[in-house]
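In this document, chain identifiers A, B, C, D, E, F, G, H, I and J correspond to the written order of the chains, with residue numbering beginning at 1 in each.
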Amino acid sequence: MLFMVRMDVHVPHELDPAKFDALKATEKARAEDLQRSGKWRHLWRIAGQYANISIFDVADAGELHELMISLPLFPYMTTEVTALCRHPSAISAD
Amino acid sequence: MLFMVRMDVHVPHELDPAKFDALKATEKARAEDLQRSGKWRHLWRIAGQYANISIFDVADAGELHELMISLPLFPYMTTEVTALCRHPSAISAD
Amino acid sequence: MLFMVRMDVHVPHELDPAKFDALKATEKARAEDLQRSGKWRHLWRIAGQYANISIFDVADAGELHELMISLPLFPYMTTEVTALCRHPSAISAD
Amino acid sequence: MLFMVRMDVHVPHELDPAKFDALKATEKARAEDLQRSGKWRHLWRIAGQYANISIFDVADAGELHELMISLPLFPYMTTEVTALCRHPSAISAD
Amino acid sequence: MLFMVRMDVHVPHELDPAKFDALKATEKARAEDLQRSGKWRHLWRIAGQYANISIFDVADAGELHELMISLPLFPYMTTEVTALCRHPSAISAD
Amino acid sequence: MLFMVRMDVHVPHELDPAKFDALKATEKARAEDLQRSGKWRHLWRIAGQYANISIFDVADAGELHELMISLPLFPYMTTEVTALCRHPSAISAD
Amino acid sequence: MLFMVRMDVHVPHELDPAKFDALKATEKARAEDLQRSGKWRHLWRIAGQYANISIFDVADAGELHELMISLPLFPYMTTEVTALCRHPSAISAD
Amino acid sequence: MLFMVRMDVHVPHELDPAKFDALKATEKARAEDLQRSGKWRHLWRIAGQYANISIFDVADAGELHELMISLPLFPYMTTEVTALCRHPSAISAD
Amino acid sequence: MLFMVRMDVHVPHELDPAKFDALKATEKARAEDLQRSGKWRHLWRIAGQYANISIFDVADAGELHELMISLPLFPYMTTEVTALCRHPSAISAD
Amino acid sequence: MLFMVRMDVHVPHELDPAKFDALKATEKARAEDLQRSGKWRHLWRIAGQYANISIFDVADAGELHELMISLPLFPYMTTEVTALCRHPSAISAD
């Protein structure tokens, strides 16, 4: 099942830069793993913002949630979640 | 270049159903053509709403606009457009 | 899988009352069928508004969408859809 | 009487993690007690967010308020409260 | 139990003035009856707008809803409902 | 003249609890005094939120403002102010 | 007592132009009368919009309301009302 | 003096297409005249929407308003107006 | 040229009270000077809020900006700016 | 390709003024360089706010993003990005 998630990252200014860099490196590794597994199907940057648009392909909302809270930057994000399904005019199963 | 577009369709209640069915059939054909051309890369239904999330792969904003106004249902839509680019953690060029 | 849907019904004032009564009767029958099937698990009126809060238990977002567009009043609704999952403090599988 | 409450939890980044873990443990125990008592009838996680949708069955708004402010995480929440009642198409008394 | 309701009335311009005057007269009579019964405890005009702030004293949300949909102008209103309870600093039971 | 004021209190998490308790005690005393004087005519808690709905009966907007800024918790509030007047369907002068 | 009112005028496209011109002429005469009386103290156009910012000097909210509903274009307006009072740094009683 | 104006055009579906085409032709001629005069300095289409971003160079807000209401499509627009001035980091007087 | 500005002041709770009092005193002096010069034509308190509505009479947007950033409390404000012009029904040039 | 970007700068009050002055000086130099390169085509101050409206002329959304995150004040900004294209009534290619 597909979900679109918009993630906006808000870095508190008082956060130690070294700690934040470490978080970002772990986030990157986690994001790459999830993409390789096929669960994080698309990951795009929103131009001009510290934000992304992602498409997840997961078993259900429970798996999406586990995946989201496993992200090291999750505590610094606001998210919008949209459940998607096949469009009658889509020419492929996705 | 990639754009995400959210389209919400608002059908005026006084619209002649036959005319609207004809519009929808033309819209479907146009959407399928554009998907086959590779320009309308993804088309997903937002569950529970008369709305979709689309990803377009076009030369620039001008081509996106031409494409959007060529849709028979464009006069009945509100749209949100988001310019996308490659995310540093994406594992493919997409 | 569970979804919460908020439905707000907007009746155009120019709609023929007899036609609208017929739509409401069909809607009621459809809602009762879906509740009996277990797919429309809860249906509550929002006090003071022509709106409801519903909990659906469906296979996935695709089934939710089919179900929603099968409602006779769907063309007169605005909807908000929220994907739910088990809360770590919930005492039942729900 | 039924109320739907949406709770969004905002953890200040400077909060001591040990203190927050203790708060969460107390919150979980309190939530489980209230569910067992029948007053907190449903508790669902909103997928992808540190937020929940809850249905409370209480005597009145006063009891709802006492219950809400007894939650250890209440000072870290924003809440939305919606009063519910029986829907004419609901097949059970709830 | 107390509820605050804000009602904003939207009169469609194409509504027949005589019909609307009749509706308003019936609404006024109904509002006066409900005030006399003690259920519609306060009714104030919002200055400069076709809107009011009302306080209802009813058994529960179900009674509030019955009362609201019994108003002749209900189909022309948008409403906001807020459940109230006793404030710890209030000097009277209300 | 009547004003409705909605007050939402936001307590900064770093505020010293003893200082905040003192502020709340002073606020309560001040609120009780103003109610006794007849100027703060109604004070209701909004169920489930650290917020209230109040009705003030003052000479004019200037007196309302003096009264509001005299509240010890005013610096921690956001407020919404609505000017009220007699409704043509109200059965008492209120 | 001073009130600021923002009025946005929405002309339904199906309104008969001659009827609308007559309404505007009556509105203009009424606005000029109220300005001459001192009650409508300032009247400014918001640049680029069919909207105005007005300052009224009236006895109370009730007089403001009577005045507003006496405007021929009132049924075609949305309004925002803000109660004003003397600012401690103002150099005149205004 | 510079103003940025965003114009969103909303065409009522019941408008006669021939009348609307005539309006658009007149609008185009008027827009070209104003551009040639130097007063409408920039005119850009917002990609994917029936909307534009414009920069006007006018004597003051009064001239901007005259100019805006002279546009044949003005009755079908919503507008947002932003007053601009020289930025301290701009390298030209603009 | 006239501008309406709404200023909402947000005082950070950790600000040293003595420093803030000094800022307010300087702000008051500056506001009085600007009123005497005729450039800050009106200054009203919004009842019940730490906010004001101001009317400025300046040469252009550039002068307005210089004036605004010269205010000692500017870093603690959010502002809304509205460009005004003469209303066709205004009886004075204002 | 053209993008309009609105940037609102939010300076945390606890930021060291010397550090912030240094950031602003670097930002100014960077902004001037980008203007000279032709990529930051217009830069206007929004009157009365710590905000600007900018027009960028870049190859695509990727280049826009690189440019934006290279700005020293980017971590202190919120941004809105709008993709622009040629308007059919524009008299010049830009």
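We take it that contacts are C-beta pairs under 8 Å (C-beta built on N, C-alpha and C of every residue); 3 or more make two chains touch, one makes a residue touch a chain.
Computed from a predicted structure; not experimentally measured.
Engineer: Could you tell me which pair, D-E or G-I, is linked by more C-beta pairs in contact?
Structural biologist: More contacting C-beta pairs are found at G-I.
Engineer: If over half the contact pairs have to be identical by residue number, which pair among E-F, G-I or D-E is the repeat of A-C?
Structural biologist: Answer for the repeat of A-C: D-E.
Engineer: Over half of the interface residue numbers used by both chain E and chain F, so same, or under half, so different?
Structural biologist: same
Engineer: Can you give the whole-Å distance between the Cα centres of chain A and chain E?
Structural biologist: 45
Engineer: Roughly how far is chain B from chain C, centre to centre by C-alpha average, rounded to an integer in Å?
Structural biologist: Using C-alpha averages as centres, the distance is 27 Å.
Engineer: So the centre of each chain is just the mean of its C-alpha atoms; given that, what is the distance between chain E and chain J in Å?
Structural biologist: Using C-alpha averages as centres, the distance is 49 Å.
Engineer: In chain C, which residues are in touch with two or more of the other chains?
Structural biologist: In chain C, residues 2-3, 14, 45-48, 61-62, 64-65, 81-86 touch at least two other chains, as defined above.
Engineer: Quick one: which chain pairs are touching?
Structural biologist: Pairs of chains that touch one another: A-B, A-C, A-D, A-J, B-C, B-H, B-J, C-D, C-E, D-E, D-F, E-F, E-G, F-G, F-I, G-H, G-I, H-I, H-J, I-J.
Engineer: Which bits of chain J are touching chain I when the two form their complex?
Structural biologist: 11, 13-14, 45-49
Engineer: Report the residues of chain A in contact with chain D in the complex, numbered from low to high.
Structural biologist: Per the touch definition, chain A meets chain D at residues 3, 5, 12, 14-15, 61-62, 64-65, 68, 75-76, 79, 81.
Engineer: Per the contact definition, I'd like the list of chain F residues that touch chain G in the complex.
Structural biologist: 1-3, 60-62, 64-65, 81-86
Engineer: Within their complex, state which residues of chain H touch chain J.
Structural biologist: It comes out as residues 2, 4, 27-28, 31-32, 35-36, 42-48, 52-53, 55, 82-92, 94.
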